[in-house]
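Shared between the two complexes below is chain A, which pairs with chain B and chain C, respectively.
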Partner chain A sequence: MTTNTYIAGTGWLYRFDPRAKLLLMLLMCVWFFLPVSLLHLSIVVGLVILSGSTNAGWHHAWRTFVSISPMLLFMVLFMPFNVRDGSPLLSIGGFTVITAEGLEQALRLMSRFIGITYVCTLLFATTVMHEVMLALRWYHLPYKASLVVTLAFTYIPFIADGFSQISESHRLREAEDEKKKKFGQRLKDLVPTLTSALVVALRSIPNLAMSLEMRGFGREERRTSYHSLDAYHHVCIHFILSCTIPVVFWFANIFF
Partner chain B sequence: MQGNRNALKVAMVSVLTAVVVVFTMVVRIPTAKGYLNLCDVAICFIAFTFGPWSAFIAAGLGTALADLISGYAQWAPISFVVHGVEGLLVALIVQKKGDAAVSLGRKALAAFVCIATVSLGYFALSALFISTVSVAAAEIPGNIAQSAVGFALGLAVSAAVKRAYPPVSSLAW
Partner chain C sequence: MINALSIEHLSFTYQSWTGKQNDPLFRGLSLQIPSGSKTLLLAPFNRGKTTLAKIICGVCPKYFPGEMDGLIRLYGKSLGDLDPWDLLPVCTYVSQNPQEQFVATSVEEEIAFPLESMGMDRATMKARIEEAITHWGLQDLRTSSEQELSGGERKRVLLATMQAIDASFWLLDEAFDDLDQHWRDQLKDLIATSNKTVLVLASRYLGEFDDLFDQVLLLDEGVVVKGETNSLLTRFAHLCGDDLPSPLEREHVLPSQRRILSCLSLQAERSRVSTAESEHFTLEVPQFQLQSGELVTLVGPNGSGKSSFSRLLCGLDAPLGGQITIDGKPYEGKQLSKRVGYLFQSPDLQIFLPTVAEELSWSLKRRSDLSRKEVEKQVADCAELFSLDLDDTPTTMSYPLRKALQAAVYYLLDRPFYILDELDSALTYQSALSIIAHLRHNGAGILLITHDRQFADKVAQRSYTIEDGRLSAV
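So, the complex of A and B:
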């Protein structure tokens, strides 16, 4: 199982300080909910996709779009039922299928959804996970919380591998073809696999606790860290940019 | 002594969070707004076995991390709230004093609360922040099915794990 969301690159988003990038992500997510015109919303979404594509690559941009395409399809399909009032654009036998207001609302929702998706995925595609954790620690995330996330990421591949091996061995023992089984029987057969996988995972808890104690967890001394965010320069400028970008987008909506 | 207990708590929550992530990502059925999965099995198992706080943290964090890894980062805050609350409520309802068995009535109430929290939580939060009421409503049947199956399997798995690995009962907090 791959838990790495980072895509190696050298674009400006990679050189942007992770703390400022986190702030920019939050501000942009809020910006998408502001009362702006549809044209401005679309332009900003286009700029986000463009900067994402130039930094993380067109393949990443396409893959992200494919992952949200079923949701976008649903938005289009439900468009006739959302807004019934307003000037009709398409009518079939006296039944108004789409109104101008309904179309605008659907496009607005789709643009907002695409924008939020790209902003969130770009943060994790252009920032290494331990730098995200360091940025969160800088924002006063408790040490224990960041340790839990880091340890969870370490254990995910181990538990996933265990689960795959256990489910394979259970499948080999069964004589009956999986496809011929009824849904209820399939669920029932899942219980031994899940139980074995959980027992294997739970057995690692005492060992992990002991390792933490041996490495000094719970002592009063100040903690050291292998990684730091010192490699990022012009942090102050990055923070100013993070605050300025959404404000500029907002004023562009008012004046143009 | 307190340090030892804290290390055990951190180790337990970390492994349980990883379990929720694996159960969320192993079986996936694509739907309009993402995918259906086995996360509720892991959440109900944790709620039945480890208590409210472990269930809240592991369920919320595990599902949010799974969303981040899978490329559905926009759903991570919603998943954190909905599944965290789901784990907390189910664990509070089935929490028992001493060795007394959980009554059938409480299990039924926990099942109802589990299904209602997931389906209504996702409906309300996604209608409010991400999509429209009609699109969010289209996902309710899928969420009901996922949480109902998750609760039933979680209950069965919890009993089986307690029989297969008895020390698990001493880990609850």
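So, the complex of A and C:
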């Protein structure tokens, strides 16, 4: 009922202390909302994708992009509603479709969305879940809250896994001389797939609760930890780097 | 001698979600398991075997609502005074469906989780985890996630967790299913040599059970039946329909068209992304052939590549090299999916609509050559053949009925070839055989994947085996 998001690797992000990585992730998420130029924002997003690709692989970077592409498509489709009183960039028969300001706003929104998505997925792709948990507990988040956070980040991919398995099952059930499906039919076919993925997910909730309790979740004695973060060295330097990276990006925006 | 488990006058009825009152599952069931004993409780499907296990663990009716009455004691303590987490050092349950028990994201973490809950120190945890991992051959899988494991590997992780917890009472629900022969022998040895109280719940009598238990019991009509072992086994075989003639003996398969599914020099690769040090798993199929009307079995150890091969054969995955042909013509992707039906081990991933009628008509409605009346007729005939009620809701149906519905869906698709992935797991031989007989009605070629050599020997005309990723004819 839990899907691992970790991709084994040896890049610098894997050697980065999880506590410092968690801080870096939060600071970067804040950074994307700072008033920086669009060019600068795009360059930073590009750097995040590049470091993600060199650490977790291009395949992971591409899959992440594909998973958010429907959302990006919506942002493009809603572009005509952005800053309608700006300088027209594209008009059809007197109707302004895109304004320069609207385009910039849409691109900024997309860049922020891509940036935040990659920063968050990179944390979970390069850090094993128990280390994320240990890092959260190091920040004094109670055990139950840490467990909820990590379960949420493993349960969402579990639902996605269920969806892809059910889609495969649909594919296997196509009739040999099936009528060619129109776009509307394809969309309609998504409904039972989504419904059954949801049913599978909902049915697994009591099982997950049952299993957690059978594995001792809820016991009164103090919980110990099999793993530790002792293997990470130069933690202080990692924290300094975590704070420095966003600051350097910010100053680069001012001076260049 | 003190009883490890004592159940007195247990009654249980599941809460109904349809307005129709459910029949009671247990009617004054009583059961005593002496401490240190090894007990086999046989139960035909749908008689409440798993529910009983969940009641003993204190999670039913808590998470699976129903009306319960009776007294249950574990080592003298009333279950009513205990929470499920209190039972952790006392009783470990190994589920029939390993997937529902995984809570962590790696094998090592899964085993460590309950030990952390018990507040165990790191050194003790390490020693216990290492011992369990080594005992169940999980050394190369310690950082693998549940999704990267085969069914048998998942079961081994649960057994390793059970061993690491070291509770005094082991409750094993169909624990031998999914395991290949080596690991079945290992489990048998563990049960035989341990000083634990062991209760094995099973819906089929396996050869491994011979001389393993102190007592054999039967769950029937909501109560536990005691008696002489041989007479209980005869009654159990009768309840499962195993004393009936095999449906395969009655059938005369007459293929309307003789077709041949072949694979030549097929190669595929799979990697475990969560484990840096693991090598890529490679699958090699020098030659494979399945003809119309044939019933061929595929056996092999856990994680040997049976499912990977099945996915290639039905076009869900593309091979790295080689080709798959039908009557000499190469096929791939969707075109292959439309000719080779693949019944997943879990029916729940293949049935998804609100009623049986909708489920059965889903594919037929998409066919251009069938009128509405023809679709309705085919659906009604098929439901009758598989003993299904068209108005039933699949998600609330019992496991054998869901499995029958899954098979009925493919029966209507009328594929020339079928892959049945561990069909016999969690079904009686008789139910599995009648599904095979139905699917072969038009002379389809069947590839049956199974761990049960007894079953394979019983039905196979030919056999293939996979070992270390290489498929060969037996």
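What to note about this one:
Operating definition for what follows: the second predicted complex is superposed on the first by the 172 of 256 C-alpha atoms of A that agree within 3 Å, B and C clash if a C-alpha of one lies under 4 Å from a C-alpha of the other, contacts with A are read in each partner's own complex, and residues count from 1 in each chain.
We adopt the following convention: contacts are C-beta pairs under 8 Å (C-beta built on N, C-alpha and C of every residue); 3 or more make two chains touch, one makes a residue touch a chain.
Bear in mind the structure is a predicted one, so any value in this text is a computation, not a measurement.
Touch criterion met: A:E213 reaches chain B and chain C at once.
Touch criterion met: A:R173 reaches chain C, while chain B stays clear of it.
When the two complexes are overlaid on their common chain A, residue A:M75 makes contact with chain B while staying clear of chain C. Legend: residue contacts after superposition of the two complexes on their common chain; A:V148 is shown touching chain B, with no touch to chain C.
By the touch criterion stated above, A:R203 is placed in contact with chain B and with chain C alike. Contacts of A:T10 after superposition: chain C is touched, whereas chain B is not reached. Contact with neither chain B nor chain C is seen for A:K182 once the two complexes are overlaid on the shared chain.
Contact with neither chain B nor chain C is seen for A:H140 once the two complexes are overlaid on the shared chain.
Common to the chain B and chain C interfaces on chain A are residues 1-3, 5, 154, 192, 195-196, 199, 203-204, 206, 208-210, 212-213, 217-219. On the side of chain A, the complex with chain C involves touching residues 1-10, 128-130, 154, 161-162, 165-166, 168-169, 171-179, 181, 192-193, 195-196, 199-200, 203-204, 206-219, 221-228. Interface of chain C with chain A (complex): residues 54, 57, 59, 62-64, 83-88, 93, 99-106, 108-109, 112-122, 125-126, 129, 143, 145-148, 273-277, 314, 316, 334, 337-339, 341-342, 344, 348-353, 362-364, 366-369, 395, 409-410, 413. Residues 2-4, 6-8, 10-15, 17-19, 21-23, 25-26, 30-34, 38, 41, 45, 57, 61-62, 65, 68-69, 71-74, 76, 129-132, 134-135, 138, 149, 152-153, 156-157, 160-161, 164-165, 168, 171 of chain B are the ones touching chain A in the complex.
Of all residues in chain A, those touching chain B in their complex are 1-3, 5, 33, 63-64, 67, 70-71, 73-75, 78, 81-82, 105, 109, 113, 116-117, 120-121, 123-124, 144, 147-149, 151-156, 158-160, 163, 187, 190-192, 194-199, 201-206, 208-210, 212-213, 217-219.
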